[in-house]
Every structure is written in C-alpha cells, then in structure tokens.
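Consider the two complexes below, in which subunit A is the common component and subunit B and subunit C are the respective partners.
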Partner chain A sequence: MLLDFHVVLVFLITGTLMVCTPLLLGALFRPKNRYPEKDMAYECGMDPEGEAQVRFDMRFYTTALIFIVFEAEIVLMFPWARVYASHPLKGLALVAGLIFGTIVFFGLVFDWAKGDLTWVKTFHHKRRVQG
Partner chain B sequence: MYDFMFVIFATFALVGGLLMVFHPSIVHSAFALVASLFGVAGLYWTLGADFLGVTQVVLYVSGVTVLLLFAVMLSDKTLGAVSILRCAAMGLVIGPLAMALMVTYRAIDGMVGTEGAALPDPAPTTPAIGDLLLQPEGYLVPFEVASVLLLIVLVGAVTLARPMADRQVSRKTIADRADAEARGDEGASAPQGEGA
Partner chain C sequence: METIISFVGEQFGLEGVLALSIAYAVCIGSLLGFITVYAMFAIWMERKVAAHIQVRYGPMETGAWHGWAQSVADAVKLLFKEDLIPRSANKVMFLAAPAVVFCGVFAGFIAIPFAAGVQIVDLDLGVFFIIGIAAIEVIGVIMAGWASNSKYSLFGAVREAAQVVSYEIPTAVALLVPILVVGSFRLGDFNAFQEEHGWLIFHNVWMPIAALCYFISSLAGCKRAPFDLPEAESELVSGFHTEYSGMRFSFFFLEEYASMFVAALLVSTLFFGGWTLPFLDVTSWPYGLAQGVGMAVLLVKTFFFIFVQMWLRWTLPRMRVDQVMGLGYKYLVPWGFAALVGTAVFEYYGWRFVPGVF
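What follows is the complex of A and B.
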C-alpha cells in the first residue's frame, strides 16, 4: 500500500523543496546589513502603532469549528463516494448519502439562522424572539 | 522498505513530540505537533490503514491544528510561559506509569498466550469501509447516526463558542418572555433595545 503513497511522497518532497530552495538561495545571496528600522513590522511605510499580538475575534473560532465538523463529514462521505458508482443497491446508497448530508446541513442552517455566521452582528434574531 | 519508512515516520512523531513539549513558544509547539501528527499518520500507512492515515491528516494535521492556532490567537498573551520543569515532572510520573501498563499488558498477554493478528495484505481499505457503511446489516445505521452526532457537535460547539454576554442576553430574554407569558400579558415584554 505504501506503494500508492509514492505520489504523495513526491508531492511532499517537491513542495518542501519549492519552499526551502528560494529561502536558501536568498540567504546565500542577499546583502546582510541590519538596522532597527528593518526589524519593524511593515505597515505601508507608517510607523506601526500598538501591539502586534492582539486578541482575535471569537468568530474566527466559530468558523473554524464549523470547518472541522464539515471536514469530519467529508471524511465519512469519502468511503461512501468511493463505492457509490459500483454499489448494487444504488438507490439505498443514494438515500443513505442524502440523509447523511441533509442532517449535517441542518446544523449549518441552525447556525446561520442563529446569526453565528454573520460577521457584523445584527440583533434581528433577538428582536424576533422578544416579539 | 517498510522498516525504512517506519524509522522515518517514527522519527517525525518522536522529534515533533519532543519539540512540542520543550519549545518555549506555543506557536512553534503547535507546528511541531503538526510534524508529530503527520508522523503518526505515516505509521498508520505503514500498518496498512490508509483510510485512517488520511483521516489523521485531514482531521488532525489540518483541522485540529487550525483550531489550536486559533485558540492561541484568541487567548490572552499575558498568560505566561508554561513551566517546562512542571511538564517534565509530569512526564516523569506519566512515562513510568505508561511503561508499567505496557509491561503488565505484555505479562498478561504472555500468560493467556494469545497471538497478535498478522498484518493485513497491503490493499486499499477505503472501498471495504464504504461497502460496510452501506450494508443495511452492516454499519448503515451507525453511519446515519454519525451524522446526528455531527449535527449535535455543530450546534453545541457553536453555541458554546458564542460570547458569554450573548448567551446571557438570550437567556434573560427567554426568562423575560416566560414571565410575560405567565402574567398572560404579551405587551409586558417590551423590546429591550439592541442589547449587547
């Protein structure tokens, strides 16, 4: 089986080389004169203000959580997709896959309706609850 | 060939794990964890579990690490460095315990005299898993139940990740509404403005 992963290995090595070679060449050929201004964060030529390590918005995390759940869905759908074309009970396979996808999709609909996907929070959903 | 690949992947897993534990920067630790998890995925491949290996890469190497990095970005940077000495002390306790567990297992195994299963033939496992997932007498029901589990995770995780202020407001809203209904007066629950 490792056999089949040769392609992955070649991709991995090529990708690593494509990142590392320019960095290495740059390190060999660029002139080295450092001064403090060079170590400043670059903000379009302005002097940067405040700290660089700010706390990020919680909504990034929410989006990442949704991403992971759908990644898990894809992992489970992959064997299904692999055998679907050659499956003897194609109708059953189709219905099984559709039910699976729909149930998880309801989660996305829920999050959407609850306003967890809106970046700029409106409070429409709350007003609706308050009636 | 297999032994050679085992050494490569095991090195990835071990060196990545050591770097993760001992690197002072938590972001570097997260990237070391990527190497370690990738090494474990490679070990799965050498054991003939290709689907498990790909799952490891897709879910752990990419997904969980993204979540971990987000957690770092969201957390307070004034949290302070983790004491490596404390980690090492914990390792000194947990390591021998795990070792003892393994030795005990080997001893019991030797007494019972079971033999481990031989490595399966190196063949792709994904179609076999797909067939099992789609057999009504196989794992069709667990497959569908897994989607319900994912739904619960999707709703629950996002609800928990919602800022605390939001959750309190909505709880308060629900309580107010219940009060108003108990009094039989819908008009009493006047909108409380935009809230925050």
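What follows is the complex of A and C.
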C-alpha cells in the first residue's frame, strides 16, 4: 500500500527531531568556552596545512561507477525474484533469469579482467617494457 | 499500528486523526525507548565481551553490578560535553549530517517485525525498504566527512563510502535468495513461511552460502571489524567523525549499533526462522503469550548474532583496503550469484540438497 509510506515520512521527521532534542537540551548545561585553537580542524595538534577539501583518489570514482552499474542490474532482479515462486510459467522465468544473470556475470568478469576490481592495479605492459 | 488504532477505537471510542496520532505517539515512543535502551545495553555488552576475550574485567565500578550503568553514565557525560564546530567547516552540512545518518537507520526499524503483529507497519516492500533506507547513511557520512574540512574526516568518509557502497551489491544478491524462495518482500511472510516449512537456512544447500555472504557483507556495511577501515584509529584518528564531539558524535555511535541490530535481526528473520522455533508451535498460543515468547525468541537469536559480530571484532585483525575491496567483488558477489542461480534451478526441479535425489 502506498499509504503505508506516510509512516516513513513521519518517522524521518521524528528522527530529525530526535537528533535535535538532546542537542537543545544539552545547550542548557554544556559549557561554551571557545577560543581559536579549539575551533581548528584536528591535525594531530599542528596547525592545519591548507584546505582539506582536496581532490582525492581517482579509484573511488571507478568504484562508484561499478557500484551504480551493478546496483541498477540487481534492482532489476528484485521483481524477478519476487514473482519466481508463484510464476505460472516457471521454466520461462528460470530461463529469463539465467539469461539476465549471465549478462550481469559477464559484466563482472569483464571488470575483473580489466583490473577495475583490483584496488592496486598492476600494469603488466610496463613491466614488459622494462624487462 | 493498526492494532493500536483499533484498540483505541474499541476501548475509548476514538477515531480518525486522534486515534492515528495516539498510535504514532505509542509507536515512536516505544521505538525510541527501545533503540536507546538497546544501544546502551549493546555498548556495555561490547565492552564486557571485549574485556573477557582479552582476559580482563571491563567496566566494574559504575552501578555496582558488573558496571551495568557505564553506558548510562557515558550518555550523561556526552550530554554535558561542549559542542564544537570547527571554524572552517561548512556549517549547514556539518549540522545536518548526524540527522541524515540517524534518520536512515531509525526509519528502517518501521518494517521490522518483532513478533506476530508487533510491527509498526508491515510494508509490502519490507526487505527492499530496509536495505534501501539504510543506504541513506552513506550520504550522511560523506556530508560529515566533506563538511568537517579536516583531512582525516575526508579520507575516512570516502573510504567508508567506497566500502559500504561496494558491499551493498553482495548484500542485495544474498538477500535475493530467500526472497526467491518465499516470493515476497514482506518480512511477516518470511516468518509465516518458515513456520510452515522449517528454517530457511536448512531449505537447500545454497542457503548457508547466502547467509554467510549476507552476514559478512552486513559486517562491512556496519563498518565493523575486520572491515573497520573507515575509522581505523591508528591511521585516520577516527575517520569521518573526527571533528564531531559530545552529543553529535554519539549519534554516529548510536547509528552504528542500531544498524548492527538491523543486520543481526535480518539474518535471524530471513535465515534462522525469525520468531519461530522448530519444535514449538508458538503462534497457536493465546494472543499476548505468543507475542511475548516470539519476541523473546527473536531477541535471543538477534543478540546471538550481535555477539558473533563483537566476537569477530575482537578476534580478527583489520583487513587491508585492497583485501576489503577484493573480498566484496571477487568472492562474495560470485558466491552470492552462484547461490541465487543454484536456488532458482533447485526450486524449479524441487531439489533441496542433492540434485535428483531430494
């Protein structure tokens, strides 16, 4: 039922309130004693060097791309799994699932072979040049 | 929730908005109470388990009996702590992040069945909803890490995002296996099915594989050791919540324990029979008693799996980042897929353990 999801909305709002309430309550008791050193970002006691919002490793982008592709494929498998037990043409459902599963699996094998699943990529061709 | 609405209607003659708001108040109040008490208990339990594994006592003083009040004292202390926001932080995102992280897991509790009928809403999309709404946490973590404007926070946040997001795929694949057998997303249906056909872990030869895949990837999803890279203390101070202090920090902590509970509860509901026992027909007992016993059985199972999570934390060393990424995609996803395809074939032919025999 779509109507059930109004509960989710209410709970999301209450969750936010639940986070705010102890904070407001704590504001009555907690000390407020701020000075510049305390307001610095933590960097092991030293003054922070430069900005922290820097570029980070490219590999996280690859990971995110792989995630999006696979997650989209798996979301498509959820309805299949839901109807499989009660499907009138079970053989057809099985074959369809197997075909789709094979395609997804070949995607995984392709990524694997390309080395995108390996965190530390080894570049074999470079080694060959040196050798 | 419907039970409360009809109860209020019958006993006090209340209807409409009033009955609905009373039902909301009861549900929200009991859920908040449950999460808080559970989190305090789990933190105390974790300390005791850790201590006894390392042959020491752990908290012993606070509250006299084995330091039971240690978490309560900690919560009070956190309430009195100064609320620090770094000057260089992005204020709005920094303040919103704990709320986003906590909301995700808090809303996930809606669909959880504690016993027959003891459930806030029996959502059609139960399992799907829980893993979907738990994924909101990643957004909050990235917000926290980026907004803190601290290097440790940023590295912790991207690491955690990469890890949690990668392990969502084996989680989803492994959960498809029981869904395939039962043919429903509704968590109540899983309990009903297992009452009739026995625990799903014994359903066929693929189920233990799926359960193991799910359990391992849920460990990584909760950032528990041996997958606690995002908060690796020796490298990243404490990861994405380095800059958080006092009450704000405690929400990240609360979220971690709450998501452990959800993961352990999903394992026991989907694979280990939920509130049912193989040799006891609890559901036919009178209304209140069946619910009470069912809830006790479910909580015992859940706490067993929480105990296993803690046990692993204090037993295994932390994995390297490339090992974590490799384990998710190179072992859990293929094994999960094998379990899924295997179960589909076995279900088609009606096999359970040995193909062609039984």
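Keep in mind that, in the parts below, the second predicted complex is superposed on the first by the 90 of 131 C-alpha atoms of A that agree within 3 Å, B and C clash if a C-alpha of one lies under 4 Å from a C-alpha of the other, contacts with A are read in each partner's own complex, and residues count from 1 in each chain.
Everything below uses one rule, namely that a contact is a pair of C-beta atoms (placed from the backbone, for glycine too) under 8 Å apart; a residue touches a chain by one contact, two chains touch by 3 or more.
Not measured: the values here are computed from a predicted model.
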**OP:** For A:108, select first, second, both or neither according to whether it touches subunit B, subunit C, the two together, or no partner.
**Re:** both
**OP:** Kindly classify A:72 by the partners it touches after superposition: subunit B alone (first), subunit C alone (second), both, or neither?
**Re:** first
Original post:
Looking at the overlay, does A:47 come into contact with subunit B only (first), subunit C only (second), both, or neither?
Top reply: neither
Subject >> Partner chain in contact with A:55 - subunit B first, subunit C second, else both or neither >> reply: first
Original post:
Does the superposition put A:64 against subunit B (first), subunit C (second), both, or neither?
Top reply: both
Original post:
Which partner does A:37 reach: the first (subunit B), the second (subunit C), both, or neither?
Top reply: neither
**OP:** Identify which of subunit B and subunit C touches the larger number of residues of subunit A.
**Re:** C
Original post:
Given the touch rule stated above, what does A:16 touch, subunit B (first), subunit C (second), both, or neither?
Top reply: second
**OP:** Once the structures are superposed on A, label A:118 by its partner contacts, choosing first (subunit B), second (subunit C), both or neither.
**Re:** second
**OP:** Answer with first, second, both or neither: which of subunit B and subunit C does A:26 touch in the superposed model?
**Re:** second
**OP:** Across the two complexes, find the residues of subunit A that touch subunit B and also touch subunit C.
**Re:** 1, 4-5, 53, 56, 60, 64, 66-67, 71, 74-75, 78, 81-84, 101, 104, 108, 111
Original post:
Within the complex, which stretch of subunit A touches subunit C?
Top reply: 1, 4-5, 7-8, 10-12, 14-16, 18-20, 22-23, 25-27, 29-34, 36, 38-44, 48, 51-54, 56-57, 59-60, 63-64, 66-67, 70-71, 74-75, 77-78, 81-86, 90-91, 94, 97-98, 101, 104-105, 108, 111-112, 117-120
Subject >> Complex contacts: residues of subunit C adjacent to subunit A >> reply: 1, 24, 28, 32, 79-89, 98-99, 102-103, 106-107, 109-110, 120-121, 123-124, 128-129, 133, 146, 148-155, 158, 161-162, 165-166, 168-169, 172-173, 176, 179-185, 237, 242-243, 246-248, 251, 321-322, 325-326, 329-330, 333-334, 337, 340-341, 344-345, 347-348
Original post:
In the complex formed with subunit B, which residues of subunit A make contact?
Top reply: 1-5, 53, 55-56, 58, 60-62, 64-69, 71-76, 78-84, 87, 89, 92-93, 96, 99-101, 103-104, 106-108, 110-111, 114, 116, 123, 126-127, 129-131
Original post:
Tell me, which parts of subunit B touch subunit A in their complex?
Top reply: 1-2, 5, 45-46, 48, 50-51, 54-55, 58-59, 62-64, 66-67, 70-71, 73-77, 122-124, 126-127, 129-131, 133-134, 136, 140, 143-144, 146-148, 150-151, 153-155, 157-159, 161-163, 169-170, 173-174, 176-177, 186, 189, 191-192, 194-195
